[in-house]
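Structures for review follow.
After this come two complexes, each holding chain A, first together with chain B and then together with chain C.
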Partner chain A sequence: MLTFIVRRILQTLFILFFVSIIVFMIMHLLPGDPVSIMLGDYASQEEIENLRQELGLDKPLPIQYMNWVTNVLRGDLGNSIAYNQSVNALIQQRLPISFHIGLLSFLLAIMIGVPAGIIAAVKRGSWVDSLITVTANMGMAVPVFWLGILGVYLFSLKLGWLPVQGYTSPFDDFWRSMHQSIMPIVLLSLGSLASLARQTRSSMLEVIRQDYIRTARAKGLSERKVVLGHALRNALIPVITLLGMGLAHLVGGSVFIEQVFNIPGMGRLMVQSIFGKDYIVVQSVVLIVASVVAFGNLAVDIAYGFIDPRIRYK
Partner chain B sequence: MTTESSIAPAALHELPPQTSSTHRFFRVLLARKIVVIALFILIATILVAIFAPLFAPYNPYKQDLSNSLVQPSSTHLLGTDMLGRDVLSRIIFGTRISLIVGFVVVIIAGVLGMSIGLVSGYFGGWLDSVLMRFMDAVIAIPMIVLAMAIGAVLGGGIVNVIIALGVAIVPAYARLMRGQVLSVKQADFVIAGTLTGISNLRNMLVHVLPNCISPLIVLITMNLGMAILAEAGLSFLGLGIVPPGASWGSMVNDGYRYLLTNPVLSLAPGVAIVIVVLAFNIVGDAIRDALDPRLRGTE
Partner chain C sequence: MVARKQLALMLGLITCMIILAVGCTNKSASVNTGIEANASTENISADADHSVSGGTFTFAVSEDAIILGNPPTLMKQSDPNYAAPAVERLFRRDQQGEPEPYLAESYNIADDNLSITIELKQGIKFHDSSDFNAHVVKWNLDRYIATERAELAKVQSVEAAGDYTVKLHLKEFDGMLLQNLSGIPGMMVSQKSVEENGEAWAEMNPIGTGAYQFVSWDRDQRIVFKRFEGYWQGTPELDKLVIEVIVDPFAQKASFETGEIDAIMSLGPKDANELKQADKYNIEASDLASSVLGLLPDSAHSDSVYSNVKVRQAVWHAINFEAIAETMGYGYHEATFQLATEASTANNPNVKGYPYDPERAKALLKEAGYADGFATTLYAQNTPGYSDILTAVQAFLQEVGITAKVELVDQGKYFEMLTGGPEKGGWKNGLTIVPFTIVPNELGAYARLLGPGVSAARLPVVYNPDELQDFIGKASNEPDPAKAKSMIHDMQKVATDDYAAFFWIYATKNISATQPYVKGANFNAPQWTPEQIKLEE
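Our next item is the complex of A and B:
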């Protein structure tokens, strides 16, 4: 088990190394000069050269990369030009907000999506199954930003139940925070919830066909014991691996939810920085987001190793 | 493809007469009403996109400020936007952008990803490790975030959107292709190919590739809906199709400000997105089921 964990940690670090190369390549190799874009059309040649030197962009690419990575490893992401403060400070403000909304959405998706998938599989062919399958299909086809707008239209403008937008930390004012964040959390979870329900359903159907389930039934176990004791445990294994991908999907969706509801999280920071031509912030956000996803996957895999001994020896 | 070969010759004459696989494919595919409806919607959407000028009642780009934000009526079925452009006409022309982006993204990602997967799986070794870790890294960056970053540097516009989304979904194809290659590589006919002394490239293209096609078709259909959603998303954020282009995503965003007075502006293009993406997903699922060898003979 220990070697498995160590190997997975090394693998994650390796992936993050490649992520840093990709982020660096996007920002430095693609056509388009970040410095002249940052300074606008009317900057003089001298201003451009000064900023270039300040950012170290006049050095060869491998050295630039080394400098950047060394600074990042030391915990220094650089400075934001638009916000006039360190990127570290910006991220410290924004990341907890995204975590608050994202984590609760993730939990909600698991708590509702997995049971919904089990029920659909057990009651295969019934109206409950049809209802869950159709809803899940819809949930995967609806753009989350449009869902947000629809929610605002129904619950804020028409019914007046919930605020149109805004964010308050739950530590400052818990009830106000709940009131503001309930709609973003629920809407953000729907896409992942739908795909989890579908995966659980098809995984359950696969397992129910297996011989050991027939054996369990034949030896006279109650249906409840067969489903929850024998089928579920095995059916959840592929679902757990896909949780990691669900995490990436959820992080992507949060960009839109934060935009619609004006929540000052990482997604909104990224959008604002792209429009503000604040490339240092953009590359930092991509790096942080990818790290969160990679470590999330690592946690999922290690949990998976505990549940399913077969995986440790692969 | 694998089930036929596993049947022992002696058992063959005891089986009922085999229908052709194409025939079986279409029979399974069209067995459910919902799939037929979805296919019909897709064909209709493609026709609307091709003949958009014939279907659209107005020029989608023509501004008429004296007629801005008109409510839906018999002259403007879905009303007009803040610049007085007919919303229905813009939605009709929007099918073009959605479908072009969807198809081209999938083709680019498919060709690129399959090449990487083919090379990686066929040659193995350190090349395989490096390529696959690279793909893992791309997957670790959420698709929309990666596309945003690429789009930020390249700028907006349909070509850049296609590049950004295409790159972001390459790993799915590379991984699938690699997995397929690894499972086919040990087959006798591939080894025989190597022994006859044909080149690696020829062996890959002639013997390995055709055996990996069916799961790829499934992935392609599934990704079409996803690419359309992602384009709408980028355009919604203002990082995709540039004005005055009619993208459903940017129409949703433009209409958001007028949600209280003119909800149709934002909600109608969203309905268009949902219908088309849902149709692609349903057809994708149905193709997967129809191609799944384990489900053969169950109908």
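Our next item is the complex of A and C:
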């Protein structure tokens, strides 16, 4: 197991190295000069050249890449061109906001999606199963930004129950924070909730046909114990894989949700930085998201062994 | 038993993660002056509080500032608006866009035009209680001159000729100087605060003489100001002024409709039209243009069809820009044949222009040797609305036999096209939408994109007649305002009637929306006047 973990960590580092090169090259090879974008139509050529020199953008690409990577390894992510602020500080401000919204939506998706999937599997063929399946399909099919606009129209403009936009830290004002976060959290959870429900249902259906489930029932175990103790545990592996993939939302935020609800998280930072060609920010955010996803998936692989003791890595 | 333990472990882990998430949630993202240490922890409600005397005025903007309180550091043109509640300028533009003394009391241009003496208003204090005087003005201007930026490039030196008298010694007369002193270079910040706390601190903490004192800045969220009791024009009306950054236009409009915000500083014509239909808000547009959209040909290429003036005239006659302005602007845009709206003093009423006339266009094309038309490309940055304009232009051109294809480019590519000459890229055999932002005025817009010496760096593929550049250069250096104005008028006529050098699609105006109880917001004035805002019961 230890060998497996070490090997996977090395693989992960290798992946991150490649990600860093790819994102660096993409951002630098795209047409357009971030300094011209930042200074606008009216900047003089001299102003543009001075700022480019100040930011080190006049150096050859390999040197720029080496400088960036060296600084990243030292924990310094560099300075944002557009925000005139260190990227470390920017991420320190944005990450908790995306994490707050992402984590609550993640938990909501698990709390509703998994039980819904179990119920649909257990009540297979019933109207409950049909309702859950159709709702889950709709949840996956309907675009989040459209639901966002619909939600604002209904709950804010028509009913006046929820604010249109904004973000407040729960530490500054807990109730205001909850009030503002309800719509983004629910909408952000919808996609994962629907996938989880569908995945749990199909995994459970596969498992409950197995002989050992029949044996468990024959032993006289209650249906609750059979479903939760025997079937669910064995059905969880694909579900956990899905959860691992959802980790990106926790740190990467959601572009649409953060845009529509005016949440200053990582997703919005990323989009604005891409449009502004703020190289350093885009590179850093992508690297952080990639790291979390890569290490998250490593954790998921390790978790398989705990969920199913039959799985052993060599 | 084991399963229960694992379940408990998982629940514990989840609880820890929630606590961690909540705990990590940034409390210190806002930047504070240090003058009011408790300000950031105050519950700044985005909802307007109309019950309190003065109240809180909250308005939306669509993008955040980069720098608030250190003018010499490069700033976006829109940054001074965000700092305006706290930082005032030596001059301010009046309703016609002309600079008038503001923190300055008066000014006098020497007979030889090589110096300007500015008398300052007395008894003005910065928010840190330091005095506003000639020494602080000299310190501010000297720092700006040291950046070697164009606005004060013609100022040789600044002299504090008395406690409240500043003398600017000039290398040569600069007709744009007073305009520039009503812009970023004229922003006066406290020398004491900057020297005590450093420039990096000053960038985030605007300490000026304005009606409202800076409280906090949550990047990409909001900037909060509170009333400055020691304001030189008397105690301001509002308790607080909050600038709310709302990027999405839908969210801006919805927040306005629900009353979460009191105003939108600048909104699109479609949203403005929808809000106007509700008949309960104040929707107003500026008289002067905020920008004029140009459709620029690659006329500097000798092999381009647009190098022929008859083709350019034909194209102008072929396109019904008035219809495009009406459709795109819902009545808020103004079709124009020159770089100015009718209300502007830069407007020359004698410009004839090229009214929509497809038959005349066909005749001109025939004269130019293109009786069967030609193929061309229409470029624009992928900004909302631009593709619609190009589609309309495409249809109008088709009517006179010109086959056009539309190509939208991203921001990066667009800037490359703008700065790229024939060797570096630019664009070939086509027309590109280029907005001319009216900063500080029409002459400034011309000068910074098409002035003498600029062509090599900006729009090198666009034919820019020497005559036009001469006018721009002379008007910029003319001390007599009446003569300068006359030169600008001549320039407009030459550019349009003689050369058909640039096609003007329409002039856009700033459109603002305010709730009925908001008075004096003045978002559409050439310069915003935050000290005049008040909320009625």
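As a convention for this text, the second predicted complex is superposed on the first by the 259 of 314 C-alpha atoms of A that agree within 3 Å, B and C clash if a C-alpha of one lies under 4 Å from a C-alpha of the other, contacts with A are read in each partner's own complex, and residues count from 1 in each chain.
Simple rule for what comes next: a residue touches a chain if its C-beta (ideal position, glycine included) is under 8 Å from a C-beta of that chain, and two chains touch if they have at least 3 such contacts.
Everything numeric in this text was worked out from a predicted model, so none of it was measured.
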Return first, second, both or neither, reflecting whether A:F14 touches chain B, chain C, both chains, or no partner chain.
first
Scan A:Q92 for contacts with chain B and chain C and give back first, second, both or neither.
second
Per the contact definition in the header, classify A:D172: touching chain B only (first), chain C only (second), both, or neither.
second
First (chain B), second (chain C), both or neither: which does A:V255 touch?
first
Quick one: is A:R268 in contact with chain B, with chain C, with both, or with neither? Answer first, second, both or neither.
second
Of the two partner chains, chain B (first) and chain C (second), which one does A:L157 touch, if any: first, second, both, or neither?
both
For A:I149 in the superposed arrangement: first (chain B), second (chain C), both or neither?
both
With the two complexes superposed on chain A, say which partner A:Y212 touches: chain B (first), chain C (second), both, or neither.
neither
Under the contact definition given at the top, report the residues of chain A touching chain B in one complex and chain C in the other.
30-32, 149, 152-153, 157, 259-260, 275
Considering only the defined contacts, which chain C positions touch chain A in the complex?
3, 14, 17-18, 21-27, 29, 41, 43, 45-46, 66-67, 73-74, 76-77, 148-150, 203, 218-221, 244-248, 250-251, 254-255, 257-258, 260, 410-416, 418-419, 434-435, 437, 439, 448-449, 454, 456-458
Can you list the residues on chain A that touch chain C in the complex?
30-33, 36-42, 44-47, 51, 82-85, 90, 92-93, 95-97, 99-100, 103-104, 107, 149, 152-153, 156-157, 160, 163-167, 169-173, 176, 229, 233, 259-262, 264, 268-269, 272, 275-277
Within the complex, which stretch of chain A touches chain B?
14-16, 18-19, 21-23, 26-27, 30-32, 34, 137-138, 140-146, 149-150, 152-153, 157, 245, 248-249, 251-253, 255-256, 259-260, 270-271, 274-275, 279, 282-283, 285-286, 289-290, 293-294, 297
Can you list the residues on chain B that touch chain A in the complex?
133-134, 136-146, 148-155, 225, 229, 232-233, 236-239, 249, 252-253, 256, 259-260, 263, 266-267, 270, 273-274, 277-278, 281-282
